[in-house]
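I've put the structures underneath this note.
In what follows, chain A forms one complex with chain B and a second complex with chain C.
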Partner chain A sequence: MTARRQLWSDRLRFDMGAALAICAALALVPLFVSGPYALGIILVSIYFAIIALGWNLLAGYTGQFSLAPAAFAMIGGYTTALLGHYLHVPLALGIPAAIVSAALFGWVLGKLVLNLSGPYLSLTTLAFAEIARVVIGNSHEFTRGDQGMHVATLTQSRIGYYYIFLGTLVAVLVLLYGLLRGRLGRFMMAVRDDPVGASSRGIDVVRIKMIAFCVSCALCGLAGSLYGTFSQLVSPELGLLQQTGLVLSMVVIGGMSSLTGALLGALLVYLSSEWLRGFGDVQIIVFALLVILFARYLPGGLWGLAARLLQRGRA
Partner chain B sequence: MLALDLLANGLIYGCFYALMAVGLAMIFGVLKVVNFAHGEFFMIGAYTYVLVSLKLGVPPWLALPGAAIAGALLGWLVERLLMRPLYAGYASWGFMKDEYAVVVTFGLSLLLINLVDKIVGPYSFRGPPLIDVGRFALGPVMLTGQKAIAAVIAIALMIALALFIKRSVWGLQIQAVAQNRLGASLAGIDATRTTSLIFIVSGMLAALSGALLAPLVNPSPDIGAFPAVKSYVIVVLGGMGSIWGAMIAALILGVSEAFFSVYVSYDYRDAFGLFILVAVLLLRPQGLLGEKGREV
Partner chain C sequence: MSLLSVHNLTVHFGGVAAVDDVSFDLRAGEILGLIGPNGSGKTTVLNLLSGFLAPRSGRVRMGDDDITGLSANRLAQRGALRMFQMTRVFSRMSAFDNLLTAGLARGVSERESQRRAEALVDELTLGPVQFLDAGQLSGGQRKLLEFGMCFIEPPRVAMLDEPFAAVHPVMREVMAAFIRKRHAQGSTFLLVSHDMPIIVDLCQRAVCMNAGKVIAAGDIHAVLKDHEVIEAYLGETPDGDAVPSLELTDSPREQP
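== the complex of A and B ==
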């Protein structure tokens, strides 16, 4: 019995169950919290959770570190905004288009660097993120620069948006669960743990990395696009490196290579960052310090610790 | 005539880029990881220079070594506190070497930017120039006193560094550890101390680059981002870990950027680095002087 509990598929099912339990708890929140501000905060943390889950698929499960998740969210947001502004494309097409365009940008970047081992992906995505933000901010005629662009909205109701985000989150979780449970997920982890060994077993390492990267970018694009329609504004600030830092700290603090870890991290980090706002703008300082300490002393994150304790109890 | 002016100015900026990129290349050469907090070494140097000379009234010539010391101290601390696990048998679950380095240095970068932002303030400073000479023409080249003197110091530092790496015992030890860490240890070289030395030298050079540029760029907390991005491009162009490659690539980037910003587009001059990066990755991923990396 104890041996069975250690199986990867069991751990994944447990992980997914815990993540869905958190989603169920989130679904009940509007019954108790009615203030639009409080709901808005949880909504934004769900936005970050989707990005964190996408980044975690790439970094946690496939071992490839992109430093541009926020930049891809920005690309998603701008795709919807530009299509709506210039071509009057309705949101029903604009949001899927954001997914496609973020994935395409990811595909092009991936083509360049994913066949190389080493830190090329981190370097290129970081350069890409900074430069994409500057280019969008400088293209005043086309994107209105730092002023940002207006985006149409799906619904005016805040509770409506809350459930749209929550529904998207559940859909993303189901997608990731399906992906990780199958062959592809195992291939990704094989690539992370031992690329040479994986390719000696006939796994097309570059292709697996590419799939993970494109899915991750697409999820970021989706999150950015939805967030744009919610706030009815996209600006280059969506792609700030600080935002990437926030995503990274969510995953590292919550727990790498875990669905619940990324989700829990996003909620904890964003909610406590709102709370820390009362003490002056120290949020990023606290989280950056925590990231370093977690990476150094508790690499499994909070969920890694909790899951070990919980599963020991169950076994 | 304009071309000559651009060439000279490009070479000068190339020297500043080289000061940063060489440190990054040395760190990569020895540890095979990228220091994502390198831009913050630059920022700390610029701030130390500006604050020491403005707030303490120290003459700028003395603030410059102060910036070098601050950078060296930061480099030493980073190695001592954060990099040791990379080679001290850190067999922990879940995290691997590259991942650890990316997460920790990226976290450090955010930490330093926001600490400075909180403590010193988000506004930018104007650094005091080293000498008070306005614009003058040197043949066809237009220079300011600060730019000329900073360029002279930067070139002197590059020559000193080249001699240090080529001739001194420590430089030879650095080369040995970069080639083969285990082999160097077997030959009696203290690899840990050498790594520490590399971080001290890297921190010092990046901080000096920041201090020399402080009067020209008006430092703010996130000033390090673009010099760092350019150093990453340079290190890839020169060949990961190659010190000489980084020096040459820095000059190439400085000059070609100067021409690009005049003849093509000033607004998108910072995007030019990305074109170079893409071109290198497509045509010659091992860089100018690098060894061919393993492709998976």
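== the complex of A and C ==
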């Protein structure tokens, strides 16, 4: 019996279609949700979705399990804030500068961890993330420390911000789709599955890892910068390890190596974390347990399960 | 004409000479057998020739180019392709996507990679499993897939490490037929194997290693009759016994 045609390009197209359908549904949300608080929560979950998509490119598609996505969001946020504060750089330049600065830091970190894998890579990125957070938190004269820094805003309209975040999310999805469906995406997955095999086929493993690090960190930087302009404040809290834990839970629960998985996971986890606030400080416990359960029993995450059911229905 | 020239290659592992002053030539268009007992250094030589290990001393030339110490991906880009004893496939991609990715990695366009992958799937009898993830394939199917990945863009030299080990005879024959066909089209192979009937069937010449050194090289039949080669494989032969040959005649092709 021949297995049903299921190529990477087919899977990715299906994945992208589902992710865009979720975005279309999100575009309708302001028609039904008018309260600024509720809209703000969905907006923040979109912020996490962009970080989760960035981290997923590195961990899910390339197999480089970094523990620094929140640190790169913080670096992006502070780049925009510092440029605005000291050099009066407008946001039109400050936001792209955040992307470039996070990518550059990503490149440096990528160089540092080039020959590391597994827990060694994770621990090194974790150390980098904590050093970055502590340095920013303690540089009172330069960054105002834990008080945080004021950032200019793009618009005072919450709905306006909602659509800015949503538009950015769609742009990120389109960028990732373009990247993943070409050579680069295939080479990233080859590096994830077998770095030795990849290099023996002619793939420059070091170059692919560096590109993955830079793009992933750039996306986190973009998210952090936008978030800073939305909240009009950046603080070292953006880079807390707890935030990275949340991103990791989102991707594992939603589905690693999937655009829809990261997006779905970010929405579900953040919305439920807000709901869980009413029960005290139990979010991390709940999500940690869920990550263990998903990693053990459902490694494809919720999207992996849903995609299987949907495709079985279509067959 | 020599395609790959290996000169005085040496590598040490913690004071032990795993490859010790090894020299041999691989001629364009031939299938050269690299044989020897376990631990003799065959795979280490392949690791050196495919860029996974740098030699302590010695040189390797491919055609007119010195390729000593080049990384694995650069060597692959130059057409020195490697197959592993423990297969190296991309387990979470379909078999067909593995072939496509291997084609793209060698600089073949997506459309052409797709066309070649379709032809290779048929030739390697992988049709029924082409859309399964490579991690779900049997060991033999993975080896066939690796053949396809090596040959999606014809290599200048294909280095095969124990391709027939632990493979079903029917698949073994598919592999042997694949090698024969590509050889007839002019491909060059360096074949590491313990399977003497297949070595005799496919190779014109052989190099035999023992304890990191080349102990015999030349015509395959002469090498398999070499006293030192027999001793390395079977232990010391009793004095006065007629020296046998490692050559066996029951090629798997002739088995029912």
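Operating definition for what follows: the second predicted complex is superposed on the first by the 304 of 315 C-alpha atoms of A that agree within 3 Å, B and C clash if a C-alpha of one lies under 4 Å from a C-alpha of the other, contacts with A are read in each partner's own complex, and residues count from 1 in each chain.
Throughout what follows, a residue touches a chain if its C-beta (ideal position, glycine included) is under 8 Å from a C-beta of that chain, and two chains touch if they have at least 3 such contacts.
No experiment lies behind these values; they were computed from the predicted model shown.
**Q** Could you look at A:Met189 and tell me whether it touches chain B, chain C, both or neither (first, second, both, neither)?
**A** second
**Q** Using the superposition on chain A described above, determine whether A:Ala18 touches chain B (first), chain C (second), both, or neither.
**A** So A:Ala18 meets neither chain B nor chain C here.
**Q** Determine, for the superposed model, which of the two partners chain B and chain C contacts more residues of chain A.
**A** Higher number of touched chain A residues: B.
**Q** By the touch definition at the top of the document, which applies to A:Ser257: first (chain B), second (chain C), both, or neither?
**A** In the superposed model, A:Ser257 contacts both chain B and chain C.
**Q** With both complexes superposed on chain A, which partner does A:Gly202 reach: first (chain B), second (chain C), both or neither?
**A** second
**Q** Between chain B (first) and chain C (second), which does A:Gly304 come into contact with in this model arrangement: first, second, both, or neither?
**A** First partner only.
**Q** Which of the two partners, first being chain B and second being chain C, lies in contact with A:Leu7: first, second, both, or neither?
**A** The second partner, chain C, only.
**Q** Would you check which partner chain A:Ala98 touches, where first means chain B only, second means chain C only, and both and neither mean what they say?
**A** Neither: A:Ala98 stays clear of chain B and chain C.
**Q** Kindly list the residues of chain A that each of chain B and chain C touches, one partner per complex.
**A** Shared contact residues on chain A: 196, 199, 205, 257.
**Q** Would you tell me which residues of chain C are touching chain A in their complex?
**A** Within the complex, chain C contacts chain A at residues 50-52, 71-73, 76-77, 81-82, 84, 88-94, 96-97, 100-102, 104-107, 127-132, 149.
**Q** Name, in rising order, each residue of chain A that touches chain B in their complex.
**A** So the residues of chain A in touch with chain B come to 59, 63, 65, 67, 112-113, 115-120, 122-124, 126-128, 130-131, 134-135, 138, 195-196, 199, 205-206, 241-242, 245, 248-249, 252, 256-257, 280-282, 284-285, 287-289, 291-292, 295-296, 299-300, 304.
**Q** Mind listing the chain A positions that touch chain C in their complex?
**A** Result: residues 1-8, 183, 186-187, 189-190, 192-194, 196-205, 257 of chain A touch chain C.
**Q** Note which residues of chain B are touching chain A in the complex, please.
**A** 28, 32-34, 36, 82, 85, 92-96, 98-100, 102-104, 106-108, 110-111, 114-115, 117-118, 225-226, 229, 232-233, 235-236, 240, 267-268, 270-271, 273-274, 277-278, 281-282, 285, 293-296
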